[in-house]
Amino acid sequence: MLDESAKGVFTIAVTPFLPDGALDLDSVGRMTDFYLEKGATGLTILGIMGEAGKLTAAESMAVVRAVTARAGVPVVVGVSAPGFAQMQALATEAMEAGAAGVMVAPTPALRNDDQIAGYYRNVAEILGPIPFVLQDFPLVTGVTIPTSVILRIVEDCPTMVMLKHEDWPGLDKISALRAASDAGARRISILCGNGGQFLPEEVARGADGAMTGFAFPEMMAGVVAAAEAGKMERARDIFDCYLPLVRFEAQPGLGLSVRKYILARRGAIAHATLRKPGAGLNAAGIAEVEALIARQDRRLAALG
Amino acid sequence: MLDESAKGVFTIAVTPFLPDGALDLDSVGRMTDFYLEKGATGLTILGIMGEAGKLTAAESMAVVRAVTARAGVPVVVGVSAPGFAQMQALATEAMEAGAAGVMVAPTPALRNDDQIAGYYRNVAEILGPIPFVLQDFPLVTGVTIPTSVILRIVEDCPTMVMLKHEDWPGLDKISALRAASDAGARRISILCGNGGQFLPEEVARGADGAMTGFAFPEMMAGVVAAAEAGKMERARDIFDCYLPLVRFEAQPGLGLSVRKYILARRGAIAHATLRKPGAGLNAAGIAEVEALIARQDRRLAALG
Amino acid sequence: MLDESAKGVFTIAVTPFLPDGALDLDSVGRMTDFYLEKGATGLTILGIMGEAGKLTAAESMAVVRAVTARAGVPVVVGVSAPGFAQMQALATEAMEAGAAGVMVAPTPALRNDDQIAGYYRNVAEILGPIPFVLQDFPLVTGVTIPTSVILRIVEDCPTMVMLKHEDWPGLDKISALRAASDAGARRISILCGNGGQFLPEEVARGADGAMTGFAFPEMMAGVVAAAEAGKMERARDIFDCYLPLVRFEAQPGLGLSVRKYILARRGAIAHATLRKPGAGLNAAGIAEVEALIARQDRRLAALG
Amino acid sequence: MLDESAKGVFTIAVTPFLPDGALDLDSVGRMTDFYLEKGATGLTILGIMGEAGKLTAAESMAVVRAVTARAGVPVVVGVSAPGFAQMQALATEAMEAGAAGVMVAPTPALRNDDQIAGYYRNVAEILGPIPFVLQDFPLVTGVTIPTSVILRIVEDCPTMVMLKHEDWPGLDKISALRAASDAGARRISILCGNGGQFLPEEVARGADGAMTGFAFPEMMAGVVAAAEAGKMERARDIFDCYLPLVRFEAQPGLGLSVRKYILARRGAIAHATLRKPGAGLNAAGIAEVEALIARQDRRLAALG
């Protein structure tokens, strides 16, 4: 079961598809192995970048089962849904299938502090004993959650054990949450998203690691390990080698096609296919990615 | 099968729940009978006001089956979904269960003409032969669909047979669509929503009727029948009797609790319950509704 | 100077233009007289429906001077601006020209309770002794202000003396604010907007009157006077006569062309012109308005 | 006068303030010199990052005069405004004061292709002979402008001579516009914003340079010069040295305080002050910026 001690790198997994758009369950196993080899201490599936909204309920459960059967690490399942009945159904099935916890983003209609806090009280009640991750991603959800409201949820909902942090800018939010737990609030796990774009600063501010899906997960593992060993300059050296590609993959919308192109190129999945209405990378985009990878390889070789 | 000749009143059905939030299938039959008695020529289920987003996939199909089994009129099923796989699954099951067609609102991310037209080409391809209703409801979806884009969809997608019109303001859009079909474009059915607030003007502009769920469906039936008989002043007389309550029920968010309160009061459903996070009408709201109904009764009696 | 005792009808004034789009200062005086004859106890100028955003700074001040020179009632000037320097400059000039207070809507970027409360603390500091109206209009600003935040502003900012209430739905907010002042919070004036669509219920809930610009201001005056005299049924009878037109004028965007058409027809302004990109009412719209006015005249005659 | 041949680096200038928030006109001259020394081929003032919305009309003109009096390069003035009268007044005064052209972002209310194209036809008509820049910045304006609509504006409005490109992702838009001009459409200047985050790819796709305000403008000058000389790898080497800081400065909201902190540190302006409601960088942010600059200095020294 997921708890507040979680740390390291929870990789956001993609969902592999065959060229015709069918679910590619064969690739799920290979991809799971790939993420673990590259340093994942956990996996997060069926998130926004996992094209969760494009799957039927049956397909979603097939992915959950394939991943939990293979991974020896905690698996978090995205269960955000327009309504609580769907959320409860998916969360219950996912936990029965071996998930360690679930992740819930705020529903886009929420517009003030009380509404957000009330929403998560409902979530916690409906999920019962299931531990959950609060996904704080204003760029996509349109919902801004102030630190004070996160702290209300920390107090109201003991089963909220982790923050997936991707507010932007968000560094001061990490500092404020850590100051609050130093002053006596329950200390939750904070893993950071946003494609890893601010990872060195985030761990220096007190984050416990990363929850993101950059196609070279060894970057996140390397940065987090170096930071934990107190080698901040080494962490930044590693980060800087990957940053030109991190930046390129962070383009909204387009980023997932970059990520899947690279994962297919690295053999983690068989095909770079996105389900409609998503589209693959065009020739110009592929050339840009290849140029960035070639330069990245050279810099990594020089870094040693 | 739904086609472009549909007209009259397609009532937007609520979804009845028991006081504990469980689906109230017993009430579904009673409610279906009620709508038919009050003049419905069709029914629309699992829309926004049907709390569709709060139902599990299994519950959704239970509602579809209960309504289609009872209604002798065409049933339209809302199948809007974040992804096409879910949309296809629900649409296919609904048609097998006896639905006459489905309804699809634009996904909120759409931001320009080409994106909207492209989205509906994808919808039409995925639905295959299933006839569908285009729901044009900018206040809720955030997507504005210009008349020119509706006409592109009319041309691109022969299975788009009806517009659920609830743009606001939207009267000129009806006129423009009718001018286009007079000039040779395919003539689709236009049924109007927005709680019926503009029904006399809408039918005068060329709409074929209403698709909305005001708790006194006899208003829509009466207005449409009078207008069709050429008695526009009579249509307005009927409309004006109900307008104070139409206006009150049209309050966003709150409106559904008003509607369910009245439907329960009229015996159409057993309980006024909304599923969480929805809430029922409070005492002040109930007093306001009762005052409006009392005045409405007097005016209707005076009208004769 | 505006204070918490303000009540009655503060009419939202339009800004009259000549057919070529130039400011029509001649009409400003006539319009001011018209509003006073129809029962205005105050005037609000340079609001959203006053096309304030389309005026240069010099034109804005010309309107302020023309209205304050003529009106013997308190004049509130809309001073919402992207920045505080502009707001301060306009507010200061307006007060020097004889305004009684100013009105400030929240800037659209505000996204949580602390941001909203902080924004109004800044506003109050910058305005110094100038009394101001908080405009609460989520449909247009995109900012939802919970009752608890209004009460924080009531406490933080003694110069916030009035709420322009146009949340929708918003009746429970009036009740909650009155319950708070009954329990000891400072009692502010509450005048209601939204085109007058809910005026009978609003005054019954505790509002002090209307601040809106419906083209028949005698409706608001009549409803408020009847309600104050304890004749709620009479208030509703008056309201119902006008409601079909109130509803028609409340169409967003289009509504201002309806309002200006009627004001020109009634002789309050010389021309119905809107400044670009606004447009006038087309022939179909004019016919609809005329039909509604003819019916309204008959109902008013029957009411006596 | 600005025309389609503009290229290089148009630096987005900040607006300097004294610690008490007053305009710091002394710093304007120094800042102008600084930008020119660092390679600016033009300047853009009164944009979003110039805190234009926080200035009074008089202050805006004081900034325009101070910059145009000093700069020997074309000066573009941001004139986006809620209404055309204000836009026209500011644009006319700015041109009289020596500006080379103006910049106009779409008004946030625009929601479809025809509305956007119509808006810019109005802009062009109102500006008359004044050349203007179309600012395409969906993240801030909320308006997505498809390539096809930009091409309509290119055709409709001969005075639209430049695109400030900051769609995100936006590389394919550059390629599409260049393909269109290769096929016969008028070729406009394309300068790219977004803090310079994608500059190497943008110039490779056909952009003419940068229009952005990163606090080390020599980065943009170096990348553009190297790319123009055909040395793409050199361009990327320069870019990569600055990228960790480019990324940090690109944080929305916070970024301007980073930029002003660095500009003050480099002596380009006297104080890092932002006008309210903006705030300066806190201690943690300053430490992060300093660490990034120290690493950047080392990498630049190593690059030679």
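Per-chain numbering from 1; labels A, B, C and D assigned in written order.
Just so it is clear, contacts are C-beta pairs under 8 Å (C-beta built on N, C-alpha and C of every residue); 3 or more make two chains touch, one makes a residue touch a chain.
Not measured: the values here are computed from a predicted model.
Path length between chain A and chain C in the chain contact graph, taken as the least number of steps between touching chains: 1. Comparing the chain pairs A-D and B-D, the larger number of C-beta pairs in contact belongs to A-D. When each chain is reduced to the average of its Cα atoms, A sits farthest from chain C. Centres computed as Cα averages put chain C at a distance of 38 Å from chain D. Rounded to whole angstrom, the centroid-to-centroid distance between chain A and chain D, based on C-alpha atoms, equals 33 Å. In terms of their C-alpha centroids, the spacing between chain B and chain D amounts to 47 Å.
Taken as a graph of touching chains, this assembly is fully connected, with contact between every pair of chains. The touching residues of chain C, counted against chain D in their complex, run 51, 53-57, 59, 81-86, 89, 108, 118-119, 122, 275-277. Of all the residues in chain C, the ones that touch chain A in their complex are 111-115, 138, 144-146, 148-149.
If you check the complex, the residues on chain B that touch chain C are 168-169, 171-172, 175, 197-198, 201, 204-205, 236, 239-240, 243-244, 247-248, 251-255, 282, 284-285, 288, 291, 295.
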